[in-house]
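Both complexes shown next keep chain A, but they swap its partner, so chain B is in the first and chain C is in the second.
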Partner chain A sequence: MKNKLVSLEAALAPVQSGATLAIGGSLLRRQPNAAVRELIRRGVKDLTLLTWATTTATDMLAAAGAVRRWEGIYAGMFSHGLAPNFRRGVQSGAITVRDFSECAIVARFRAAAAGLAFMPVRSLLGSDMATRNPEQIRPMACPFTGDKLHAVAAAEADFTIIHGYAGDRYGNVQWPVVRDSDDIDQLMASGARRLIVTVEKIIPHEQVKAQPTLTYIPGQWVEAIVEVPHGAHPVACDSLYDEDEEHLRLYLDHAKTPDSMGSYLDRYVRTPRTHDEYLQASGAAARLPSLSVQQG
Partner chain B sequence: MSASIATGPSGFTVNELAACVIAREIRDDDLIFVGVGTNGRAFTLAVGIPLTAARLAQLRQAPGATVYWGNLLDPDLSRMPDNLRQDSLTRWQAAACPADTGFKCDMLARSRFDVSFESAAQVDRYGNLNITAIGEYAQPSVRLVGCLAQPEHLAFVRKPIIVVDLDRRTFVEQVDFVTSVGHRVRGTPRSEFGLPGPGPALVVTDKAVFDFGAEGAMRLRSLHPGVSAEDVLSRMGFEPALPQGDIPVTQAPTYEELSLLREVIDPSGVMMRV
Partner chain C sequence: MTDFTPTEMMTIAAARALKNDDVCFVGIGAPSAACNLARLTHAPQITLIYESGTLQTRPNVLPLSIGDGELCDTALTTVSVPEMFRYWLQGGRITIGFLGGAQIDRFANLNTTVVGSYDAPKVRLPGGGGAPEIATNCGEIFITMAQSPRSFVAGLPFVTSMGHGRTGRERRDMGIKTKGPTRLITDLCVFEPDPETKEMSVVSIHPGVTREKIQENTGWPVRYAAEVVATPAPTAQELEVLRDIQARTKKAHGGSQ
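Moving on, here comes the complex of A and B:
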């Protein structure tokens, strides 16, 4: 096996402006925020994002003017309301959106994972998701029954970025026994072309080998793995730490106007040179013990 | 909002009334889909009232009814978390937590769900729902959250129940964006689309309950106690069909239902705070 453990900078270096990124996590959980901050620091622009239920990752990229197009099931801030920067981007026409239902986006990632150009779904019949997106959602008849269906295009991303719990230097990523599984990270990973995974902790390969059923992302799928403790901050990594409500409120206060959001990005994203510096600058470092939910 | 939580002259809140109306729609062994919702009033409508109703049904006529919440199958409703921070959700005990949400999508698409609950920014005469964008899709006046699995609810679930407050901005003649398909879209009847499910069944609001009548148009089923038809119509952007003769009054909660709601299900009042 090949060592795939690299720095955050090195892992994300191949991601250039204009790329299509699939971004993992769901709601206030395992958004790959440290990776997103690194992309913003580098000034990557003009991205197309493919997501499940996205919050801070998409909203920060939108604030940085880095998003050209978004495709997914949800972009908001969960219990904190709508995603202010994403919303401004869409309402101003700067961000093009194409909406999909949960079955439809799952089908798109399953198509990518299976090496197919499309997958059929029934969910979109009659919906404006289909009428407004004839390029990616096309009517078809079931070749066996003749039933009305739609073909939805495979979710082909140039890069897939996921924040995971723990992994070894070979890129084998494991989930804990008790976790929140309300996402499609494993499916996204299995359909990835170039997969970059940040994890809370690098663990010994011996530990991985003892419980291989916990490996949800095998190293063979992975291009680079990076150790980024609290890499989902300010959202949660279930089983390890909760969302940082205080920082989320600070984020949303700044997000009220593009100007104040610009100062947020300067202060908390562009100025810190590393993830550690971010944790200090954001005040997270002092709050980490109180956010911990680790048991045993 | 204060009207929703105030205990009226009849001795129950509008939220309690809604929970009881919904609970009576649940049959034994039903599989019930509840969304994750957000905060404040939206939480009460999307999560608080549905979970309370599901638990009430479990304690009365439907002991075998189960809920799918988040990605948890049959979470223990006798021990609901008292907050919605991640760890409370992570450690909420349940019968199953499938490896990813794709399994839930498959269960939806195979029509395994009996009941679901829907919130929406716009609901129209035919029960089409919009949670995606207000105004023109490409450059909307208000961009909302997206679509989630709501299209699947209206496509596949046996009895989708819409839970919203009655308001002219919400009840519109035609939704701006059809996120989820009701009984007729811009003149085309639901039957032509090929969707397997029957479409939305009920609309439970803070003033009245609606169902869908001939041609799939929304129909006033009952007025909540003390609410007039004029008041209801003044809060809608279209005129619903009216029942023949007198308009029934929504059946008030019984003493037993209220006791269960207040003393057993949610004694600290976290589910329906506003």
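Moving on, here comes the complex of A and C:
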């Protein structure tokens, strides 16, 4: 087995401006925010994002002017309302949006994972998601019954970036429970061309082997694995820490105008040279004990 | 009569629409409150399913999101999200889908995507989530939304989830076998689709509400069914159970929702 454990910088170095990225997480959980901050630090631009229910990852990239196009099911700040920077980008015409339903985006990743150009869905009948996107959503008749369906194009990402719980140096990634809920990270991983995984903790290979049913992402699929404790901050990583409401409020205060959002990015994203420096600068380091769910 | 708010009336009227043998796909917010009220009153055996894959969940407090741990902890089991959408929803195992939205039109189509044009919107909303497939795949759809001229509009800029289509004929024309929206429960009244035209028509008016008030809060000329009844006021028990779960929720989540 090949050692795939690298630094955050090395893992993301191949991601260049203009790339298409599938980004994991759902709502305020396991957004790969440390990886996103590294991309912003590097000044990567002109990205196409494919997401499930996205919050901070897409909104920060939008704030940095790094998003050209977004395809997904939801982009907002969940209980905190709309995603201000994403919203500004879309309303100004800087970001092109193509909406999908949950079944439709699941079908797109399943197609990618199966090596098919498309997958049929029934979900988008009557929805303007289909009429506004003839490039990726096309009417088709079921070859057996003649029923009206849509073909949705495979989700072909250049890179897939997710934040997981634990993995070994060979890139085998484990989930703490047999059935995780809410996101489609494992499906995204199965359809990835180049998969970059940040994890909370690197654990010994022997520990991975001891509980094989928890290994959802085999190392063969993984190009690089990176240890980034609290890598989802300011959102949550289930079973380890909750979202940092205080920092989310600070983020949203800054997000009110492009200028103040620019100072947020300078102070919390571009100035800290490492993830550790970010945790110090953002005040997260001091608050981490109170966000821990170990006692819960 | 006991005092109650229009929102409480809406939640209670929505809860009454649910039956014990329903398998209900629940959205967060007003639908979630209504479904759990039904479970805690007249429909104790109702199967509630949230899109995060939690099956037969029985939350003690209302969840803040589909991924709230409370849902997993009180569920029979949890399946993965792709499995939920592939086999439960598309597989036709859900009898009722319960939706809300930012805007609705007279054929109960819903918009949660944009206000204004799609390519240069006035307001970009978060997007549809799983609502489009809930609308097409569940046996029938209940919608609950507070009425206002901004949310009950004559023409939607974007149909995120199809109700009865832009003309009322789309479901049949497209060969969709599910019923679509069969009930729209608002803070003022209850609408049901006209059997012929599928236009949502008022069948029941909540206590203290006038036809003028309904019209003022609806962006199209409101139609009424041949027989319009008065919605029975909330019972003391309905109000008590609803307020109780909301108080527990507030306590558990520190004030939000």
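Assume the second predicted complex is superposed on the first by the 291 of 296 C-alpha atoms of A that agree within 3 Å, B and C clash if a C-alpha of one lies under 4 Å from a C-alpha of the other, contacts with A are read in each partner's own complex, and residues count from 1 in each chain.
Here is the rule we go by: a residue touches a chain if its C-beta (ideal position, glycine included) is under 8 Å from a C-beta of that chain, and two chains touch if they have at least 3 such contacts.
Predicted, not measured: the structure shown is a model, and the values here were computed from it.
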Item to check | Joint occupancy of chain A by chain B and chain C, clash or fit | outcome: clash
Next on the checklist: Contact-wise, after the overlay, does A:287 reach chain B, chain C, both or neither (first, second, both, neither)?
Outcome noted: neither
Next on the checklist: Is A:275 touching anything from chain B or chain C once the two structures are fitted on A? First, second, both or neither.
Outcome noted: neither
Item to check | chain B versus chain C, judged by how many residues of chain A each one touches | outcome: B
Next on the checklist: With both complexes overlaid on chain A, does A:247 touch chain B (first), chain C (second), both or neither?
Outcome noted: neither
Next on the checklist: Going by the contact rule set out at the top, does A:80 touch chain B (first), chain C (second), both, or neither?
Outcome noted: first
Next on the checklist: Let me test your reading of the model: by the given contact rule, A:90 touches which partner, first (chain B), second (chain C), both or neither?
Outcome noted: both
Checklist entry - Following superposition on chain A, which residues of chain A contact chain B and also contact chain C? => result 26-29, 53, 72-76, 78-79, 82, 86-87, 90-91, 93, 96-97, 99, 101-104, 106, 110, 121-129, 132, 147-148, 179-184, 186-187, 238
Checklist entry - In their complex, what parts of chain B are in touch with chain A? => result 36, 38-39, 43, 70-71, 84-87, 89-91, 97-102, 104-105, 108-109, 132-133, 137-152, 155-156, 177-181, 185, 188, 190, 193-196
Checklist entry - Can you list the residues on chain A that touch chain C in the complex? => result 26-29, 53, 72-76, 78-79, 82-83, 86-87, 90-91, 93, 96-97, 99, 101-104, 106, 110, 121-129, 132, 147-148, 179-184, 186-187, 238
Item to check | For the chain C and chain A complex, residues of the former touching the latter | outcome: 51-54, 64-67, 69, 72, 77-82, 85-86, 89-90, 109, 113, 118-133, 135-137, 158-162, 165, 170-171, 174-176, 256
Item to check | Interface residues, chain A side, partner chain B - complex | outcome: 26-29, 52-53, 72-76, 78-82, 86-87, 90-93, 96-97, 99-104, 106, 110, 121-129, 131-132, 147-148, 178-187, 216, 236, 238-239, 242-243, 245, 293
